[in-house]
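Shared between the two complexes below is subunit A, which pairs with subunit B and subunit C, respectively.
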Partner chain A sequence: MAAVREVPPDNDVHDEVLAATQRRRAQKVQIAAFFLFVALVPLAVHNRYYLHILIVVGLNLILATGLNLLMGYAGQVSLGHAAFYGIGAYVSGILTATYGCNPWAALLAALAVTSLVAWLVGKPTLRLRGHYLAMATLGVGIIVVVVIRQTTGLTGGAAGLTEIPSMTLFGRELQSNMDMHYFYFVWAWVCLLTVLFANLVESRPGRALRALHDSELAAQTLGVDTAAFKVRALVISAAYASIAGTLYAHSSMRFLSPTPFGFHTSIALLVMVVLGGQGTLWGPALGAVTITAIQEALRPYADYDIVVYGLLLVVMMIVMPGGLSRALGALYGRLRERVARHRAGDVAR
Partner chain B sequence: MTLAEQIWQFFLSGLTTGGTYALIALGFSLVYNATGVINFAQGEFVMLGGMITAASMTAWGLPLWSAALIGIAGTTLVGIALDRAAIRPARGASIVVLIIITVGASIFIRGVAGIIWGPDERVVPAFSGEAPIGIFGANITPQSLWVLGATLVTAIAMWLTFEYTVIGKAMRACAINPQAARLCGIELSRMISWSLALAAAIGAIAGIVLAPITMTQYNVGTMLGLKGFCAAMLGGLGNGLGAIAGGLLLGVLEALGAGLISSQYKDAIAFVVLIAVLLVRPSGILGGRRGGEE
Partner chain C sequence: MSEVLLDVDGLCKDFGGLEAVKNVSFQVRHGQIKALIGPNGAGKTTIFNLITGVLPADAGSAVLGDTQLLGLPTHRIAALGVGRTFQTSLLFDQMTVLENVMVGHHLRGRSTMLTAALRIFGAGAEEREYREAAMQALDRAGLAHLAGRSAAGLPIGQRRLVEVARALAAEPRLLLMDEPAAGLNMRETEHVGEIIHSIRDGGVTVLLVEHDMSLVMNISGEILVLDGGQRLAEGRPDEVRNDERVLAAYLGEDID
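Coming up: the complex of A and B.
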């Protein structure tokens, strides 16, 4: 410990505020560019299969963004996030298919149920220090799938829930997954939820979360009720998953089965966040695109797909424990250094 | 059958499954103590033990005992390979990264097993016949006694190892304080290899004694592993005696729950117990008071 530590002059604080403002401005530009890019994609992509994959990417992006809030900002791990996704999907599916509910009312109901479950899990476990939330969510994840499989009367069990009606928008039906309208609908949600996330992490609650991620003790001494903030982060994160679930229920063949909501989806979501880079705005997007692409590329190779997938998980995590965005950044830095050295060598010669 | 007799029957059959859970939980605790890693590939060791044994019996016509030895040896090698190839290169990584690595490894192992042995269920014959043995009105198979015997013998062997051998003591030292153990000249990475090898061997034993009861298949590892993890948490993660107690207790609770409440929700019971433990006593039944709000 240095005995004399320089007190940062006000100037530094000012610089930091300035940097934050600049970062915000850069983010706004990035988000706008992102919107524009997404809006133009269907002009280039006519293949319905690719549109379908892009919708899956969008759903994964919503899920990963929500999980990123919990992992990258609140510093907590969920090993059962697919369960929140599943609860959202099944509440929406059951309410609309069986009870003829309006899809938007079902979306709200799903949000309420998922948030309640998340709150019930998080409230007692987030009081404790350590990774107790991870273990509790692991349990919840498996219980939810078992319940979905066994309450056949309500969920259709392993055979699945069928004939889920289409999503409606201003009285119009958004037909199916293979439809460009549904692509725009899902990606509008992606954009909305990304902007919400970007604003949230820059707001006071967001700063509180980041503070507690860096040092829980320091955050506490500054008067942040860390447990309450972690619970809120979990609930919001589950709410994101619920929205993705609702969107999933009304996409595809408008059919739900328990398989996509199991333990391995929870792990895939974890990988998206870690691989992309926790606590960054665009990391989860990068992760969601990468993992969805890997999964889709491996799909035709039955039997060998999980071998390659498992191997890829291990290798990627060993090589890039800090995530792709950080690894790419480091690579870029090294290249620039090499180029600079090369130039210097030229000059010397 | 009266209710009391039924409960007695459920208790005995629960004790049998509980014996396997106890062994799996022991593996979790061993690796957790040595590395702080929750090894999600532990369940695959169980699968490998059963599958290698079954496969070498059918492929080479080996007698049970030598096939079982091959099963244990093969699984142990996989455990050591897992340490060298996946856990050692990631030393010092965050807990999430390590979770993903062990899950990735388990997916990989399962995938390879699926390619080698196909999706069919395999049978290992019961070690000493099928004639049920009556104990105070309830029937258990001789294989159940094998499971409980294997659990008991393994537990005692582990206790002797940790109490009386140099390697066991060194492993305990590493678990208590890796830094201090290092200063005493204990090579940490060798101890980690040892603990993974031991965990794999114990997992294989569990898989071999369980195989005649439930059959075995390339994909049985995930659920068994997760339930073993619940058992380890129930007993207090990292606590050997707790792992045994947690495993037996979980097995009994599961059997009672499945028998008296609903067999459909059998697979959920272990996780309900896990959550209950987290809410009431996060350090586990034998974990003392410190674990929770440290």
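Coming up: the complex of A and C.
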């Protein structure tokens, strides 16, 4: 404490506030650069298959970002996140295909339904400490798939829901067979949801989440209603999944079956978040790209990708528990330091 | 005598047969520094946990101003103006020192998840305002140079100061401090004493649990001695120091 009592220079206050502003500005530049890069991708990639994969990456990125808010910030695990994705997709699909709803109205309806389900799951379980949410979401994940399969009249059951109309934008149909348009549409959503996420985590409610992750007791002592904040994190996380679901329903397949919304996908999402780096801005992006690539590469071997996920999780926990984004960040820091030292050495000589 | 801020009456807590707190009553007055002392297991920290709603009380009451605290959840009690620091400084280790103090502003903030994400209805201004305010609080505490550091790596003395700054950011009326000098050396303990004085001078009433007798005797206006969950004695430091029952309870321990 002796060091503490030495009066620090006055400009410290100003410097730190300035540094925070700079950090935020740097983050904005990163986000802008990333999406500018994405916007240029279709100029180089004409292959429809690759564009389709990039759309899938975008959907996975939305899903992983939502799950990251829940896992990385609020410290709660969802083992059935694909269920929220499925609810979003099916509500959108059914309302537009069967009832001729406007796709945007259906998007909002899907958001409402998914958020309500998430709230109903979270409200009773998140009052308790421990892994009750993981258990409850695991159950919801199973139930949702069963309901989709069994309510054949509504969802088309295992045979699937067909003839889902295209998304519209300003009254014009987004021809979903023109993948380039849909690519931009999906990635515009990714961009919007990433910016909202970046805003949220650097704010009063975002810090409340991180605080309760570290110590629920200390957070409560400072007035944070921890149970309510955990529920809100789950609802927002589910809302992200719902938007991804709606976007999936209107993608080029224009067809929904229960398969993509099962346990398998929930695990893949979990691995994306852990692999990329929980609680970081760029973790979900790294995770979504990596896992989508692995999924595509292993497509001929179908269900065996889950073995790879298991291995990845184990290896990650041992080698880089902070995930890819933190490991890369540390590597970058070391490189810069080495370069700086090298330069200093040159000057000294 | 100034008016009563906290009125604890007949407080009881039983841990499956072990009576940790037995019918304890005491009052804390506005602007006072009051200490709870007693041997290990006397029930001091349990009383803090009961007052702050961390544990449910079996019987009794704890009234702040004119509001009954018992039965309310911890975050509501915090909102009523009861702050707390912990024996093992519970900092948010994944955050910076500055962010820790910013969580202290939580109660005064208005932004919700929606307004914060969209940066509407003044959420952006609120963020900047609290960043400035937290920075100034750190500056006053002499911790400005640590603002950008991760809380996880701080030595114990600095952790405690950050925790106090964070608790004060919530602008409590009453601050409960659980062993603020635990693990500190003599110089640091003296500094903590000065800080507690300045907290009181800033208009915050302080109730502390402490084992360091020199600190307790120096700063407290009034001392409540507990033993085995029961009230043993209460009074000014010089009265308590010479109380025979207290001496007996502390047999072998040096009260000066």
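Assume the second predicted complex is superposed on the first by the 284 of 349 C-alpha atoms of A that agree within 3 Å, B and C clash if a C-alpha of one lies under 4 Å from a C-alpha of the other, contacts with A are read in each partner's own complex, and residues count from 1 in each chain.
The rule we apply is simple: a contact is a pair of C-beta atoms (placed from the backbone, for glycine too) under 8 Å apart; a residue touches a chain by one contact, two chains touch by 3 or more.
Quick caveat: nothing in here was measured; it's all calculated off a predicted structure.
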Problem - Which superposed partner A:L217 touches (first subunit B, second subunit C, both, neither) - result: second
Practice task
Check the residue A:Y301 against both partner chains and state whether it touches subunit B (first), subunit C (second), both, or neither.
Solution key: neither
Exercise for the section: Could you tell me if A:S203 is touching subunit B, subunit C, both of them or neither one (first, second, both, neither)? Expected result: second
Exercise for the section: State whether A:G139 touches subunit B only (first), subunit C only (second), both chains, or neither. Expected result: first
Practice task
May I ask you to decide whether A:T226 touches subunit B, subunit C, both, or neither, giving the answer as first, second, both or neither?
Solution key: second
Exercise for the section: Answer with first, second, both or neither: which of subunit B and subunit C does A:Y332 touch in the superposed model? Expected result: neither
Problem - Of all residues in subunit B, those that touch subunit A in their complex - result: 85-86, 89-90, 93-97, 99-101, 103-112, 114-115, 222, 226, 229-230, 233, 264-265, 267-268, 271-272, 274-275, 278-279, 282, 292-294
Practice task
Would you pull the subunit A residues touching subunit B in the complex into a rising list?
Solution key: 71, 77, 79, 121, 124-125, 127-132, 134-136, 138-140, 142-143, 146-147, 150, 263-264, 267, 270-271, 274, 303-314, 317-318, 321
Fill in the blank from the handout: Given the complex, residues on subunit C that touch subunit A span 52, 54, 73-75, 78-79, 83-84, 86, 90-95, 98-99, 102-107, 109, 111-113, 116-119, 123, 126-127, 130-132, 135-136, 138-139, 142-145, 147-148, 157-158, 161, 166-167, 170, 184, 187-188, 191
Handout entry: subunit C-touching residues of subunit A, taken from the complex the two chains share
Key = 1-2, 4-8, 12-13, 16-17, 19-20, 196-197, 199-200, 202-208, 210-211, 213-215, 217-226, 232, 236, 279
